[in-house]
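For reference, the structures are reproduced in the following blocks.
The same subunit A turns up in both complexes below, where it pairs with subunit B and then with subunit C.
Presenting the complex of A and B:
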């Protein structure tokens, strides 16, 4: 990728006429500026270093706040671990001792820092399993849900948004913007409950919650797949509906910004069909700002996963987080918090870098 | 000889939030292969609107009447399919401001090749090879084929636009302020290039500019527009030197003669602003600004009158002014 960006505009068979017939290309093909090339490469490394160090600083702040946030929110982990039966002060002290909660905060923090650097995230207060194991167990389920919702929302949103922006002032545009704003304003938990009431309870089309039927995992692969897909429909659609609006509105406004440009008139004057002008000329330009904004919304997607998974009892990270916070299961919360924040930071960093490679202007200038 | 382009009583009205605005109010002209016509006038006089109308590029709600016959067919009544076939293959446009006329995310060879693929059905490889040949004809080195527009200078971008306009060997090229954004040296280069290429290929050229000296230099004929109408149409050097219509006179007098200090210290401008197209003066629309206005100018509407066999002007005093 880095190589691609610094290659000067020379005879690249892939970009042009293909092998064999590049006689026209080779006449006087040496572009000036070898010096310029190394300067560009240095500039690229400086850019990458800047982005990465920014991400590292953010990550350190996340690690720091992960410790304090869950000790500030209150709650009584000892109570949760010990169960409902009354406890003697001795039992209580013993549990506190085991969880390390009897130490002063300063010592606890020091332990936490040491654990972070040795990548030992500790055991859950409740199940005494390694919290990372709990997380990795649930991660595929969350990826399945968010991935499906993301593809659904981004694909549909960008497509509808581009068409809406292209036909500004049309009934289609007004309707789509109205729908998007309505969905955007709808709280996820409310929308989820409505969806459950209508499609599972009233119409009985889809299961109310969970990821598999009671028959569970003893099915063959294909029936199991269909079962999961059947359970996936409602939560994925609910989550997609909420994030869909952002894609429609962002894509619509970036198409609107492109519309006045002369290159679109040129494309039209060339005799291209209106939809080809939109797809080939307007959309690639409008996608540039959209890509960045999409990645910047990544945090909101995990937020959506938390609510959606809780409503539909989808056994993913969001539900795990919800269950952990009721206790509060501090080691589990810490690792999930760090994971969510880390993914968001990583996505933002990648968005910055991807943008640079997508836009030839940013790629080669500056 | 059949004309390449024949415009007959073209009237164009924009419909906006402020009601109807007549931008072009009855223009007729005719071009034969190899003819070069300069279309001059100040901003807002409707010259670019005429250019857009020739390929029907104006907003859908614009009202266009009259006839625009391009190579035997009326552009205004033809089907969309036929229109798309005529666009670029029959007539192409070199737009102003090459900065935004090229798509920033496509390589330039691809952009030049695009109409070739579309109209001649070539594979994109073959079309890009043709694009490189066209680039050579406008003086761009072959390695530029894989460049992006932002990597080129203004003059190079304008030459890309010219190569693109030539791509499908049209019979007519419309250059809409094609050299306006360029500095003087580059402008002279690009003008010479356009002049040579259209002469070699016997292409008809309509060149639109507010710069009368550019047009007089490039075109055989010069037409001057004012408030949506042609006010003068004649041989370019003669019009530039001794226009019949007072507006055209003022336009050419606005260019000081080089080496004449007296004129430099006292440039000839024209008082007043161009008229508001939605609220035009009665009679001759130039009369409020006219230095030689007569009593009947405000009441008599003036059409183009013959001043000579090859020369027309729209002024009541066409004989005396000359």
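Presenting the complex of A and C:
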């Protein structure tokens, strides 16, 4: 037995083939917490691998559907390039050659897969620029608009929703739920039109559309920043108004779920003010399900961005998509479709993973 | 064992007089009773009653449109007014860029918007119910694959996917309906799956299985009737999102160009420069119509959910 004590304990479990007695002894010497921890770590890796592989499968499904929707059942790309003007069979053949449309479907698909992985997404039918360049140019503008709208809507929505849920049955709750449902029922683009008519055309407080005034690009940093901010107000508020409702309603029902719990009774019994009980005890717990639901609604944000950018001519990805629809510019639509879908899949995967770290109950039950 | 399940043996309240009736009539009597119960609880939901009233009024206005408006005014050649006239006693909400009265357009547009919304919602909910029930009933890899597909559709930006589908299939009323249905069934599927699993654990399904009921019999005779209330509430909520989706697609120029829908009217207003012309009367009526109908369906759907789920009823 003296021999065993000199061997480092970490080696023994892995070398289990050395003998049953041997392995049993060393497992007994490791502290029980350590065994539990390594099992938990394995569990965590399995969880992460599951989530990541799920996202990869979803992404492959997106790539496959993008190919089939836009290449196979999509309209006549030759007409999209050449316009409605009549063309000779030779011109037609030349365009088909350029777009690779004369290849069999199998070859086209293989080319598509190769392009996807080499990030060569092809040229726009219209401007003959690389579609990825077009996309990267517009991406920061969309991030600015959606980011602002998201922070506005989620911040205000969670705050109002928590208060509404806390005072169930009050006039405040009923009004807030009513406002949220009304805003949810309004079509985004219509709200944008009305907002422009009231605040830009009638009151002349904000610019009608675009992201910068047509004063030439060579402005200093600060005036430029103020100019963009001035243009941002209406679109960001419109978009926030439409996605706001979800946050109010989700947060309200999560608070309602928490309300009957014992820990809140204890907190009240300690003599804490009602306000403090809500803020310090109920809200942090109610936020957890809200995080997941917010991630699930991520796709809705792109829907909102598409319509808002169209109405306000905000030069982002949504407007790019709208302009591509009008043509229709298939390579551009395809890359934007993949981008929108891919981002939502990624966001959901991250939310799932973050949720596990935020909520110990999920970790334990998994 | 393909006969009617014996309902009398389950409901303890069946009294002596019903014993003389056929099983079928007992089933119907019970359904009538639960419908009356449902209505009694629904009536207490004030918001739900408001929603229902709005829907009744709008349905009447839409159905009776031929009796109080003149459809021929919608023909470009017959336009009675001038170019983008502002509201007057003759045209309550002014005219569009070729002189057609906006109000008449909106009233007739209700047909397309409601039709597309209702049909798409029914299709989506049917698809979602079938997929959700299959995922719950069969288990194993079928369930896994169906749920992966459902999650995929829940996560993806629905409007973007619907746009892609409409572009691929070519814009028409039918393709819009298909695109909306295909992109909005997933929420129902998830809901139905959870509920089906709960129902399948109940003893009367065990009894049915023990008596040799097949998959089809279990699903149609035992699970589906119990799912129906939930499915109807889900369908009501689905109509509102389908109407919004139809409006968005039409606004983006993917609607049926020959038909008037509320989204299509807004598209024309946008393209005709109604915003810079300050022609609020061109945009207000179709948008308000969408808002009202969507809100009404949402209120009804939420009220139905509250009736079905006592936990949501709170301290009322």
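Keep this in mind: the second predicted complex is superposed on the first by the 304 of 366 C-alpha atoms of A that agree within 3 Å, B and C clash if a C-alpha of one lies under 4 Å from a C-alpha of the other, contacts with A are read in each partner's own complex, and residues count from 1 in each chain.
Rule of thumb we're sticking to: a residue touches a chain if its C-beta (ideal position, glycine included) is under 8 Å from a C-beta of that chain, and two chains touch if they have at least 3 such contacts.
Source: prediction; values computed, not measured.
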Touched partner set for A:273, first subunit B, second subunit C, both or neither: first
Contacts of A:187 with subunit B and subunit C, given as first, second, both or neither: second
First, second, both or neither for A:296, with subunit B first and subunit C second: second
First, second, both or neither for A:262, with subunit B first and subunit C second: first
Per-residue contact with subunit A, leading partner among subunit C and subunit B: C
Contacts of A:126 with subunit B and subunit C, given as first, second, both or neither: neither
Of subunit B, residues touching subunit A in the complex: 55, 57, 83-89, 92-93, 95-97, 100-107, 109, 114-115, 118-119, 125, 128-129, 132-133, 136, 141-148, 150-151, 164
In the complex with subunit C, residue positions of subunit A that touch it: 54, 57-58, 61-62, 66, 69-70, 73-75, 168-169, 178, 181-182, 184-191, 193-194, 196-197, 201-202, 208, 256, 296, 298-303, 306-307, 310-311, 321-322, 325-326, 328, 333, 336-337, 340-341, 344-345, 348
Partner subunit B, residues of subunit A touching it in the complex: 9-12, 15-18, 21, 24-31, 261-263, 265-273, 281, 284-285, 288, 359-361, 364-365
Interfacial residue positions of subunit C with respect to subunit A in the complex: 47, 148, 151-152, 154-161, 163-165, 167-170, 240, 244, 247-248, 251-254, 263, 266, 269-270, 274-276, 278, 280, 283-284, 286-287, 290-292, 294-295, 298-299, 302, 314-316
